[in-house]
Amino acid sequence: MTRPSNRLPAQLRDVRITRNYTCHAEGSVLIEFGNTKVLCTASVEENVPPFLRGKGEGWVTAEYGMLPRSTHTRMAREAAKGKQSGRTQEIQRLIGRSLRAVVDMKALGERQITIDCDVLQADGGTRTASITGACVALHDALQGLIAAGKLSASPLKDWVAAVSVGMFEGTPVLDLDYPEDSACDTDMNVVITGSGGFVEVQGTAEGAPFARSELDSLLALADQGIQQLVALQKQAVAG
Amino acid sequence: MTRPSNRLPAQLRDVRITRNYTCHAEGSVLIEFGNTKVLCTASVEENVPPFLRGKGEGWVTAEYGMLPRSTHTRMAREAAKGKQSGRTQEIQRLIGRSLRAVVDMKALGERQITIDCDVLQADGGTRTASITGACVALHDALQGLIAAGKLSASPLKDWVAAVSVGMFEGTPVLDLDYPEDSACDTDMNVVITGSGGFVEVQGTAEGAPFARSELDSLLALADQGIQQLVALQKQAVAG
Amino acid sequence: MTRPSNRLPAQLRDVRITRNYTCHAEGSVLIEFGNTKVLCTASVEENVPPFLRGKGEGWVTAEYGMLPRSTHTRMAREAAKGKQSGRTQEIQRLIGRSLRAVVDMKALGERQITIDCDVLQADGGTRTASITGACVALHDALQGLIAAGKLSASPLKDWVAAVSVGMFEGTPVLDLDYPEDSACDTDMNVVITGSGGFVEVQGTAEGAPFARSELDSLLALADQGIQQLVALQKQAVAG
Amino acid sequence: MTRPSNRLPAQLRDVRITRNYTCHAEGSVLIEFGNTKVLCTASVEENVPPFLRGKGEGWVTAEYGMLPRSTHTRMAREAAKGKQSGRTQEIQRLIGRSLRAVVDMKALGERQITIDCDVLQADGGTRTASITGACVALHDALQGLIAAGKLSASPLKDWVAAVSVGMFEGTPVLDLDYPEDSACDTDMNVVITGSGGFVEVQGTAEGAPFARSELDSLLALADQGIQQLVALQKQAVAG
Amino acid sequence: MTRPSNRLPAQLRDVRITRNYTCHAEGSVLIEFGNTKVLCTASVEENVPPFLRGKGEGWVTAEYGMLPRSTHTRMAREAAKGKQSGRTQEIQRLIGRSLRAVVDMKALGERQITIDCDVLQADGGTRTASITGACVALHDALQGLIAAGKLSASPLKDWVAAVSVGMFEGTPVLDLDYPEDSACDTDMNVVITGSGGFVEVQGTAEGAPFARSELDSLLALADQGIQQLVALQKQAVAG
Amino acid sequence: MTRPSNRLPAQLRDVRITRNYTCHAEGSVLIEFGNTKVLCTASVEENVPPFLRGKGEGWVTAEYGMLPRSTHTRMAREAAKGKQSGRTQEIQRLIGRSLRAVVDMKALGERQITIDCDVLQADGGTRTASITGACVALHDALQGLIAAGKLSASPLKDWVAAVSVGMFEGTPVLDLDYPEDSACDTDMNVVITGSGGFVEVQGTAEGAPFARSELDSLLALADQGIQQLVALQKQAVAG
């Protein structure tokens, strides 16, 4: 079995994390999973949505978008169409939930952090790259609040990263690029914390339903990939 | 450990499937998971969306809605707000994918079946009830095409059903109602076919991330619940 | 002359009123005019729209919708299209006006009751069934406020019901179902109170304009039908 | 009893009909009912909506709008709000139905005439003035088609006009201006043809429901008013 | 060289300014530039948009619309399409900026004046006619505030008017009507105050780019035209 | 006089043009005017909008957007708001017109090129950077058509670039960054071709109207800046 990308089954694409990619946001990270490039910015606002007012807790939310020509053929601009697709909304809800799993909202206090994940170039795995990069942007924004004396310790309880896994010709493979994603029968996105806890598991049979044993091997592979991604996150903020 | 609902950990709610609930649709099923009541109708159209024209294949899609007062407090009507929420779109995409996994699109031919799942009363698990009921409505619509001489055999390759599972005070419990859903740390929706193949796995940590061992026990419980639901589907169409 | 429905000219369809059809709403009524089935729920909110704040008066409003497959061929879902049709808005304005005609807004106090009328199955006369069922749901919600000690007497000053009448082959006929509605030249919807006062008269010539004498006979027939409907409303809440 | 306008109970406001008010439309009429001024333009298009294609019939439709400062206080512009109100849609549907009642669609052939009714200044009765003026604009557009050799005879089978009537201090009064409309208990809009046939009757009790005898006297008064309006229409096109 | 309109190169169309054209607005002006007719109304509101609250300053803003049949062929109604075109928004932003250039916002105090410019008939130059008429409507609304004792002096610091110029067969020509606008290579709209200050210059090469010398001659011609328009504005309010 | 940026009055910011910035588009250029960074992609489509079909001509159009956190404080995402602002539409119309001025549409043939200009980071002058970068992206897409044998010569007749100029403390200054833009009384955007022809001139007095002599000095300065920008464009494609 040779993957379309020629990578080994358990091999991630080259992952690069560039901090301070743009200058205005409190956190700004360009994350690259091979040819997939997502700009993740974190914006801090000193108030919370209505349902949280006066509760002494903060909120983390996310929005997601693709530039019209981030894809192989041009996609219509969602702002011009006047609405976000179901896919867009599904992804931004996923990013927000994943990040909230590692933030202590009481420690954050009554402020909201919005993470914008905008895909500059897409080659599969935009949602997993978004989550992985967003966590670094969130980290940087929280460090900024500490530096500004607004927080005494970081509300970030753990790292969180995401990766896709799939079944290619009967073999579990890690971190699918676009051609691989199309060639796999089963596609699974997994969000795991630095300490190994599962935050989200989303598996979909593209063709034939998959067996429990396949699921088990995919989850094991995802776990392995996540630990590498978390190591890269830590290295990026240490650098 | 006593579940809020007083049910045993592996006990489904009372599930009732009423066919021919309304008179115009080619398939019309009221499914009840306890107090959750969803009307699933299947509508057959003799053409397909543009991306499939001339390919000799059919399509199955789904839409989902909640009546404004299906819930404890009134929700704003999506038609009046002028857009469907991200949650609505996420659910209707899930229902569509789940059904397509058990339909032979070539055998269906160039026609589209739209399943509308409208929640009359909500008490947790509206998406799992929707998928389970939708499969029966789809079955009935396909039988109607056979009866009308438009198909010689049913393109339905298998049954598909869905159920939620969660971790309540450390114990995996099956088929969460609304109060249980709020009390569980981890919420997982699982879509499985009659022959035991996984179609979708969607697990979310509401509070603390969950361990692989918890995931395993939840999946096993879901599998058990699905087999009961498929038995009820078969019984409903046999009756 | 034989009506398409085989009913006598002055004969209503079988009318059934089922209270407490769903469990969350303060009033919940399934009303059936033959095959037309509408779920009417009343939701009480302890505040009023901006234009009434601080005036010591309440408000009653209505929203209307049709499930996509309540009709013979599937209608596009208004939430998916992103707007309510002119017909929908016209009907919900009519339902609201009809109900407000029989409510003492001062006695209601600063609270709003929203009536949702959702058509589960349509066979003509959905707006008249909606008004007739909505009045019962409103009654039940008001009784709930009395039972809860929030009101000492019901602000419902009278009953109100609605019925359609039409000219079929020169004869005035009562309560048109869908095939009859298509076959009639003139279609009139009339809203009358229990004490016989007219609240709304809406007559439209579908083909040739109609004469004053026809109008007179239609109004007399409508009045007769309404008195039967009000008797059924009273019986339903007495039961 | 003295009407707020000092007019006699059965007295119309000064009605003026100015043809060719603007230069581009195939029919262009400024109609004034006292201070209510509506510009009605008829636009001919040589095709029909999809549901009529190939049937050899034409169509007449209407749109309605109010300039933002046609009213006493400025109304938000519907184009800026991004949607037409329910009231706007209800009125334009009424205008369209009223005009279609007097047009022979087979004789019109496969073309559509769109009537735009735009209120320049409002003082009550904008929908009745719109219908009355629209019929003249429609007449002129049809005469243009005859002059151009596209039609041999006019498809306009009769005139149609509209007027409001109301109950003021127990007396039926004709053609309500804005202050009178607010002061009347019952408001009725009636659309009648030149030969006396009823096209639409829309009566609404603003406060107390109204009795059948009141309805009868209002209808008689409306009929009287319409005959004067039709005379003015005929005079306008003769001039 | 003969212009399509037979006017001399530096000749304006007949310009007519009719004040008090409608009765409700605080300022209401019908301005005609030949066959182009725009109704400009000024509406005073005793509050300001959120970004100005509590700053002791006022605001002037504008909205623009075209009646569907103001043009040679019918344009779709923006309210029905559910959005304003880019052109509409561009024009209303231009009108607002032009008027704000001649108003002393501190002297106006915390109130907003909205100018609605609605095109009744279009024959080129609707934006320049709008600005020129809007300034008169604004003047009248401000005089009304003085008459009502709400202002002691007018915040209108100067007059402002606008005109188009273009290059026709190598000659600069003033105030283009629709056929001329189509025939010109370069189209420029210029907004100038009574004292000769430039407020806006918007020049667009329709075909070949234009030379600096052409630009200079166009600007000189525009300046000439504006002085005539300002004289007409002064005469209108003096009358 | 010292500019806020410390640049000389006639000094551009550092301008960088990076070609092939992303991999899918037929032309992909990152243009930087100091801290303003805009990604310009050109997408070729082998058909034209309806109004051009069958005419043997092509079309060039543009869309513009800002990433939510390209600005100092986060702007709401237009896709989430469901509409593009007037400013966005005005800018994308300007970019499109500017590019069309230098393209021979007959030579392009029946194909459309869409330029997307997405602002990654904003510091004033996003529209002028967009036009300048878009022309290079367009150039590259056209070269690709030549390389693919679809065109024999480039339809790009000339280069086009844009720059802002303003009046700062009485001195004309070139290429305003955000703080300078706020400090200037007059803001002018000028679009000029490589051969010195004016394509667009848009000047707005922010405070006091400006004199003809100021306009003249601003235009001369803009012309100087454009010639430098065109040299940089040529150098970029030569490199």
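Should a chain be cited, it is by its letter among A, B, C, D, E and F, assigned in written order, with residues numbered from 1 in that chain.
By definition in this document, a contact is a pair of C-beta atoms (placed from the backbone, for glycine too) under 8 Å apart; a residue touches a chain by one contact, two chains touch by 3 or more.
Everything quoted here is computed from the prediction, not taken from an experiment.
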Number of hops, chain B to chain F, where each hop joins two touching chains: 2
Smallest count of steps, each to a touching chain, taking chain A to chain C: 2
Taking each chain's C-alpha mean as its centre, the one farthest from chain D: A
Chain C-chain E separation of Cα centroids, rounded to whole Å: 51
For chain D paired with chain E, centre-to-centre distance based on mean C-alpha positions, whole Å: 33
Inter-chain centre distance, chain E versus chain F - centres from mean C-alpha coordinates, in Å: 28
Interface hub residues of chain C, defined as touching at least two other chains: 82-84
Residue numbers on chain F that touch chain E, as the complex places them: 83-87, 89-90, 92-93, 97, 101, 158, 188, 192-193, 195-205, 208-212, 215-216, 219, 223
Complex contact set, residues of chain E against chain D: 22-25, 28, 35, 37, 39, 41, 43, 45, 63, 65, 67-74, 77-84, 88, 114, 116, 118, 120-122
